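Labels run A, B, C, D, E and F following the written order; every chain starts at residue 1.
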Amino acid sequence: MPYVLIQVTKEGVTTAQKQQLIRGATDLLVNVLDKDPATTFVVIDEVETDNWGVAGESVSVIRQKYLQSLDQ
Amino acid sequence: MPYVLIQVTKEGVTTAQKQQLIRGATDLLVNVLDKDPATTFVVIDEVETDNWGVAGESVSVIRQKYLQSLDQ
Amino acid sequence: MPYVLIQVTKEGVTTAQKQQLIRGATDLLVNVLDKDPATTFVVIDEVETDNWGVAGESVSVIRQKYLQSLDQ
Amino acid sequence: MPYVLIQVTKEGVTTAQKQQLIRGATDLLVNVLDKDPATTFVVIDEVETDNWGVAGESVSVIRQKYLQSLDQ
Amino acid sequence: MPYVLIQVTKEGVTTAQKQQLIRGATDLLVNVLDKDPATTFVVIDEVETDNWGVAGESVSVIRQKYLQSLDQ
Amino acid sequence: MPYVLIQVTKEGVTTAQKQQLIRGATDLLVNVLDKDPATTFVVIDEVETDNWGVAGESVSVIRQKYLQSLDQ
């Protein structure tokens, strides 16, 4: 009865990619722990880049700085 | 001081239903564990059907297959 | 396919109370949203009182202050 | 490698405030536990007021009752 | 910068299995979404069988009933 | 009514440090978003190093490799 939460930034994850994440996470639990796929939940949570921080900065700012660095 | 997270697929949950979930979860904690309702939080997280998987497939695909099975 | 997380302080919740929480949360989802109990998960997370804070203080400290106030 | 989740009601949190939350939570982990900011994640989850309950009522209803009380 | 939470019942998951879960979930995010493994977190949360419910019953009770059914 | 979850590896976090995390996270929400501390929850979740992975390896293995590198 596993529950898997996959939290990623909301940056254009396609429906096909979501299906691959769901399939892959389910297979992982089945293969490693012999879990029943019928009661394996996978929830994908897409987080706005303004709402995700790393190293003290939002991913929005990190992406922006990276783009600016390419211009120079 | 309980915190309750209710995660469901985003499939037309009404405002009235949300209020019933909040009331019901709060009452449950008050009745079973004698918690103070004033510090009982209930958070409802509605997840897109593309983003929720069970048995290795997204709920979107599961719903679609079900509808197709009715047509046959 | 709901997932319910119930987070409470670890202060002597009994096995019978856990069963009541599981039963009650499941019934709530069945009654309000017509969910299938077979795919309704309830997870109870018991948190040490040192690890739960409210109003800027740990529940351990809050409990201690309360006991001290009774002595005076 | 800390992970911090900040869950608040979705009531007009600005981009600048999000950056302050991210910076502040990261600094807290660095200062208190000497964590590496480069692997400190902060995720802000904004929850609709219909979906957050306290004291058995949604925040939407609580806000509405408060406004009505001012009119009287 | 993904964060993956894998929640399973605490029923003898070995250190080797945990490493497979960590490796597998990381590879999944790298392969499907081209994420950087260096900033991919995987957290495994093992939940006591008394604290996990499905179909309105704790996993402890479900396991017990299953064992009793074998005896008959 | 904010809820803050701080997830860190279980590596000797002291009671005093937990109090600093609780106080600091509460102050952050009060200062940045003008939240009421009385309804600000902070939950600290300490995760075993076997159960936390980064870059495809558990923190236990990462710590061990680091110690071995010092010996050489």
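General observations
Rule of thumb we're sticking to: a residue touches a chain if its C-beta (ideal position, glycine included) is under 8 Å from a C-beta of that chain, and two chains touch if they have at least 3 such contacts.
Computed from a predicted structure; not experimentally measured.
Hopping across touching chains, the smallest step count from chain B to chain E is 2.
Rounded to whole angstrom, the centroid-to-centroid distance between chain C and chain D, based on C-alpha atoms, equals 21 Å.
Look at where the CA atoms of chain B average out and do the same for chain C: the two points lie 17 Å apart. Residue positions 1, 3, 7, 21, 25, 39, 41, 43, 52, 54 of chain E are each in touch with at least two other chains. Under the stated contact rule, the graph of chain-to-chain touches falls outside the line, ring, star and complete shapes.
All chain pairs that count as touching, in label order, are A-B, A-C, A-D, A-E, B-C, B-D, B-F, C-E, C-F, D-E, D-F, E-F. Those residues of chain C that touch chain B in the shared complex are 1-9, 13, 17, 20-21, 24-25, 28-29, 31-33, 35, 39, 52, 54, 59. Interface residues of chain C facing chain F in the complex, by the touch rule stated above, are 7, 47, 50-58, 60-61. Every residue of chain E that touches chain F in the complex is listed here, in rising order: 15, 18-19, 21-23, 25-27, 37-46. Chain A meets chain C in the complex at residues 1, 3, 39, 41, 43.
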